[in-house]
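Going in written order, the chains are labelled A, B, C and D, and every chain counts its residues from 1.
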Amino acid sequence: MNAYDLAFYLLAAMALVGAAITVLSRRLVYAAFSLLLAFLGVAGLYALLAADFLAIAQVVVYVGGILVLLLFGVMLTHRIYDTTLKSVRVQPLLGGLVAAGIAILLISVAWNTPWNTTHEIAAEPTTAKIGEAFMKHYVFPFEFVSLILLVALIGAALIGRSRTPGSGNGR
Amino acid sequence: METTITTYALILALPLVAFVVQVFFGKRLPRGGDWLVIGAICIDLLLSLRVFFGALFFSSFAGTPFVWNLRGWLGDAGTGVLALSTGILVDNVTAMMLVVVTSCSTLIFLFSTGYMAGHRRYSLFFAYLSLFAFSMLLLVLGNNLIALFMGWELVGLSSYLLIGFLFEEPVVAPDIVPASACKKAFITNRIGDTGFLLGILTLFSFTGKIAYGDVFEAVRNGAFGDHTTLLTVAGILLFCGAMAKSAQFPLHVWLPDAMAGPTPVSALIHAATMVAAGVYMVARLYPLFTPDALTFIAYVGAFTALFGATIALVMNDIKRVLAYSTISQLGYMVFGLGVGAYSAGLFHLMTHAFFKALLFLAAGSVIHAMHRAYHYAGLEWNPRSRENDAQDMRNMDGLRKAMPVTFATTAVAVLAISGVPFTSGFLSKDMILGGAFAFGFVENPQHFLIPVFGFAAAVLTAFYMARLLIMTFLGTNRMAERGQEALRESPWNMTVPLVLLAVLCGWFWYNPDPTTIFAKGWVSSFLTPPASAVPQTLVAAPADAHHAAHVAAMLVSLSCAGAGFFAAWMLGRRGAISLEHWRLSGSRVYYLLANKYYVDELYNRTVVAGMVQVSRILGWFDKVLVDGVVNATGRFQTGLSELSGFVDRYGVDGLVNALAGFVRDTGNEVRQIQTGRIQNYVVYATVGLIVLIVVTGM
Amino acid sequence: MVQLPHFLTVSALLFAAGVFAVVTRRNAVALLMGVELMLNAANLNFAAFSRFSHNSLDGQIFAMLSIVTAAAEVAVALAIVLNIYRNIETIDADQAGDLRG
Amino acid sequence: MSNILSWLTFLPLVGMAAILVIPTRLRKSTGLIRYVALGTTLGCFALAAWLFFAFDRSSSAMQFVENADWIPYFSIRYTLGVDGLSILMVLLTQIIGLVGVIASWNITKAVKGYFALYLLLQTGMTGVFCALDFVLFYVFWEVMLLPMYFLIGIWGGPRKEYAAIKFFLYTLLGSVLMLLAILALYLNMQAPSFSITAMADPANFRADGWLVRNMPTWFFGLTPKELVWLAFFVGFAIKIPAFPFHTWLPDAHVEAPTAISVILAGILLKMGTYGILRVNFPILPAETVHFATFIAVIAVINIVYGALCAMAQKDLKSLVAYSSISHMGYVMLGMVSWRNEAGLNGAVLQMFNHGTITAMLFLLVGVVYDRAHHRRIDGFGGLWAKAPVFSSLFVVASMAALGLPGLSGFISELLVFMGAFASHRVFAVIASSGIVLGAAYLLWTIQRVFMGPLNQAYAEKDAMPEISPREIASVVPLMAIVIVLGVYPAPALNLIGPTLGSLLQTMQSAAGAAILP
């Protein structure tokens, strides 16, 4: 077991524990913070996979953006004095079975498939290459997704806008 | 003196326009628009007089009548039925009729302004009168059978409307209900008209023509060939129309009831003009009548003359007496034509129009006065008794002092109708009786009954007319003091027509020689009988035969009139002129006459009741049997369908239902899955995915 | 030696956790968290395949795009959730049935 | 205006579509719907007026013909056209349609549906009179049937369901027979065609077909042609309605709303006689001659029996309904009188005149019903004093119905008699009793309803209000036509003359020596 493996297991455990708490915790705030843990673990795994830019992006976007957003969502939709802030679980047995089924299936696929893998190409910084790819080969998806992001942000702002009685004819 | 179509178009149009204006605007016009109607008819009278004098003095129609055709009336087709045209024909007969109609109308319209004053449908009354004048003129002026028939039915309509004018009154005289009297008149006339129409159709089917001249021509040229019997039948069918319109037995029943109309109407329509239309029609179609048909006509006329006179003997209602008198006089005209005294019949039409109109108007004047008196005295008429009945002669007596003009003019008319020398009636009646005398006693002794009936009727006429005069005007009035105060002469617009009509009852208008021995007057040369179109006509009575019979007939008829007057005078002297003692004696003859020979009862029990009964039975038949069959068929089919429905429901449908039930139950089970919760769907999708992968992976 | 299947296993477990959350949670925000977990699992797969096969960058690029899309999705979804909450005072996904046919 | 007939036929359909898109929630939508219907019928009326003036009166041929493929596989064509036989009916349809809308103004129940169905009905009626292809004819015939069913069944009186079903079943039976007959003709054509005009030419039939060979069949020994003739005749006779198929009529009339009664009597009945003249006469002339006496007998029964039944009626509407039966008898009597032109011309003119006159009577009965809410003849009395204008109109309409000269009914009845007396003398004489009976039941009705002392039920001031201007407006156009044609019938007779002349020649040559003297 080398350092790489150790790092993997640690990071994998971090992500999976975070995910498990997110899923199982009945308190939303706990779930949100453990989700942070899971995201950070995944970011670490990205780093292990020589995807340095991706790892940074994961941290910045997910941890910095999405998670904060989710936390806002939690806080805004529950009153402060609502001490429970609990999320009720339904049909846990069925869900567990389904999740287990999916996990078993995917894991068996992962282990039983003869992956056509190449070995140990040296890791090198990817940022510049990714930038180049976005600007050249993937320029259209890049622009497209940025547009989507823009539209989604405007849309979200519009939907989420608080309507005061004076601001229109709304109900 | 040439006349143009403009004259006749004007004559026809004026009353029509007056009618239309009256109907729509009458109420809004000053005086209810009576001046409009009277003005129209006055102009008509002037135009008619011009036509008449042109014919009389300048012989404008000698040989060639005025004919005008309206082409393209039915259509523009060149041949066949649709090429038939209508039009106007004017000859001496027409000219005379025009004058009679318009002059009577003018005077009676004038009289109506007094008689109908204050009635709430005053303007409508004049509208109807104007409609009548138009229809009557159309009848007279038409040049073909269809136009004659149209005018014929239209006068029937105006008669209907005017008889029913007082429709809201439950009863206007004993037993007379306006609402049913007008219906009776129309339907009775319709029966006659149907015969008339069939006669027209017979003529048309043989000749293919409708214009008088064309029809005569075709018949003369043998359109009927050997079917002379059919020609006779056609004549009798045509005469059916005259029987109804001129109230000849057995279709006379409507005329006495027609007295339900206001008295001027009775005078104009049911005495002077319309009822004479039948006579006019017989005269107009004279060439078509075969000897057999004419004999039939003569018998009907003679019988009616006597029949009407006998009933008139015992009537107490003044208008009823005059109504039966009219029936009787019309009988005179008809049998005059029947026996070949063509000009005499038409002459009597004219003189009768004036003196009968006068009698009716005088009666109207009397009734008017009586009404006013009763009203003033606060006496009400109870329809169930004769007490306070303004039309009952037994309540009158001695009106001559209060109503001198009415009395004097009535006396003139009574003399005229009885055939007393120096009156118009003497001249015309004498001519008819002379013709009948020659026909029945000289030429055809087997038909002796015709003159016998005629002379008998003359006796009775003199009697009942004298009775009318005595009961109404002579003696002393027995009305209550208060009523007597109110009894007075009618206003000028009612008396002037009386006087004018009385003047027209003089002899001098018709013949300067009151005896007709030395001069025959203009009538016999003006109204010469047309040449017969019938193949073998009855040998026309030679003029001298008529003339030979003339003096004898005159003597007989004079003694007849004298006998009648004498009898009336005798009874009057004994105070028995009201015939009350006869009634009280319970004589069967009296009751037979007073009940008008029970003809009405006979019709009501047989024809009317029969028709109503048949219609009830057929109505029941239709509802129960014909419709019943339909409904039974329907019910049978409903049963069939129910049977098949049963099989369907429990046989065929059972299977289907079982299947459907299975599907439904399964569906109910499966339905549980559809929760609408998205998470369940995720589960299903995932499970499905797993199963799919596992299965394909294996 | 950590190889591709190890990464895939982690990804599978993350995904299963995400599915479990999506299936069992009633709270809309928690649901969203599950969805994010599933997305992360997918991104992890992208990165892993990218690393172990010819070291091409395509997988990473896809993952990038996916992250951005997820960001957009979360933004919109949260806005909707907020709106629902404002209107019906709950974010229980079962209760928001107004649009159910 | 080459498509005038299509316009005329389908304009009501356009109006119907317009009515259907008017939302009922709209304020004043009822008024809008009414005015759309009125506008549509007015438009039809204007087109009809144009047609009247543009029609060539000297020709006996089909005019304004439109001919197009419709279903080429079965040789079904879209053929429209009018000749002297149908022009009067087309005009009548537009007039009655217009009048009916005015009379429907007081409908308040489901106004939208009512007028939509009403306009659909008008399309069907106009189409029947214009169609020259049997399939088209049949389609229009059925199109007319359905709205009628609903109009009686929904807007009718107390027994509306019974009446509507009865009407529907009767007419359906008729149309089924008609369809069979149409197919029989079609299957025997040399070149497949449903054209009514083509079928009038015997050369177009297959010489070896069973129809032309015409051997007696097992069915009472009747030949195929006679069977086809009878099938058509029964189909049409139900519509006339001829005795004994008439019992749907009084029920339908009594239950139907006023305007629908008007259409029923004014137009639908004419389709029966129109069909016989259009189909039976030119296509099967020899059989028509064979059955002429039979028709005449039915005609006389209709006249006398209808009149006597009318006298027994206690309900004003059923009285008018039975009088329709009686008057349609004149049409049948006239159309089998071939000695001269009068019979056929009289028959077609009588169809038109009866349409206007009976429509008038039904309108006026509707007026009195609206006020009194009953129609019992004995339940009135003395109304003349209360409502003089209304009463005068009713009397004029009655006079027209009983054939008073000066009004149009007289001319047509006279022509019928002029024809019938020459051809069927005995029947004409029996039928002439209808003149007296007609006067009897109508005058008796007038006496009981309008004359005599005022019925105390209506003595109050506003118990029997005078006829309203709208109601007058619905009656007056018809009355004007009745009076004008009564005084001067040439405008109508000129339209129909040439066509009927050639039809008469067909019949005379078919009848041969049997009919000519």
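Here are a few things to note about the model shown:
Please note the rule applied: a residue touches a chain if its C-beta (ideal position, glycine included) is under 8 Å from a C-beta of that chain, and two chains touch if they have at least 3 such contacts.
Quick caveat: nothing in here was measured; it's all calculated off a predicted structure.
Chain closest to the overall centre, judged by the mean of its C-alpha atoms against the mean of all protein C-alpha atoms: D.
Measuring from the averaged C-alpha position of chain B to that of chain C gives a distance of 108 Å. Per-chain Cα centroids separate chain A from chain D by 83 Å. Between chain C and chain D the centroid-to-centroid distance comes to 77 Å (mean Cα coordinates, whole Å).
Between chain A and chain C the centroid-to-centroid distance comes to 6 Å (mean Cα coordinates, whole Å).
Residues of chain A in contact with two or more other chains: 90-91, 94-95, 98, 102. The multi-chain contact residues of chain B, meaning those touching 2 or more other chains, are 679, 683, 686. Looking at chain C, one finds that residues 19, 23-25 touch two or more other chains.
Contact annotation for chain pairs lists A-B, A-C, B-C, B-D, with touch applied as defined. Listing the residues of chain B that touch chain D in their complex gives 23, 72-77, 80-82, 146, 149-154, 157, 160, 164, 167-170, 177-180, 182-183, 186-187, 190-191, 193-194, 197-198, 201-202, 204-205, 208, 611-612, 614-616, 618-620, 622, 626-627, 629-630, 634.
Partner chain C is touched in their complex by these residues of chain A: 4-5, 8-9, 12, 15-16, 19-20, 22-23, 28, 31-32, 35, 38-39, 42, 45-46, 48-51, 53-54, 57-58, 61-62, 65-66, 69-70, 72-74, 76-77, 87-92, 94-96, 98-100, 102-103, 106-107, 109-111, 115-118, 121, 126, 129-130, 133-134, 138, 141-142, 145-146, 148-149, 151-153, 155-160, 162.
Residues of chain C touching chain B in their complex: 19, 22-25, 93-94, 97, 100.
Residue ranges of chain C in contact with chain A, taken from their complex: 1-21, 23-30, 32-34, 36-37, 40, 43-44, 47-48, 50-55, 57, 60-61, 63-65, 67-76, 78-83, 85-86, 91. Taken together, the chain B residues at the contact with chain C in this complex read 676-679, 682-683, 686.
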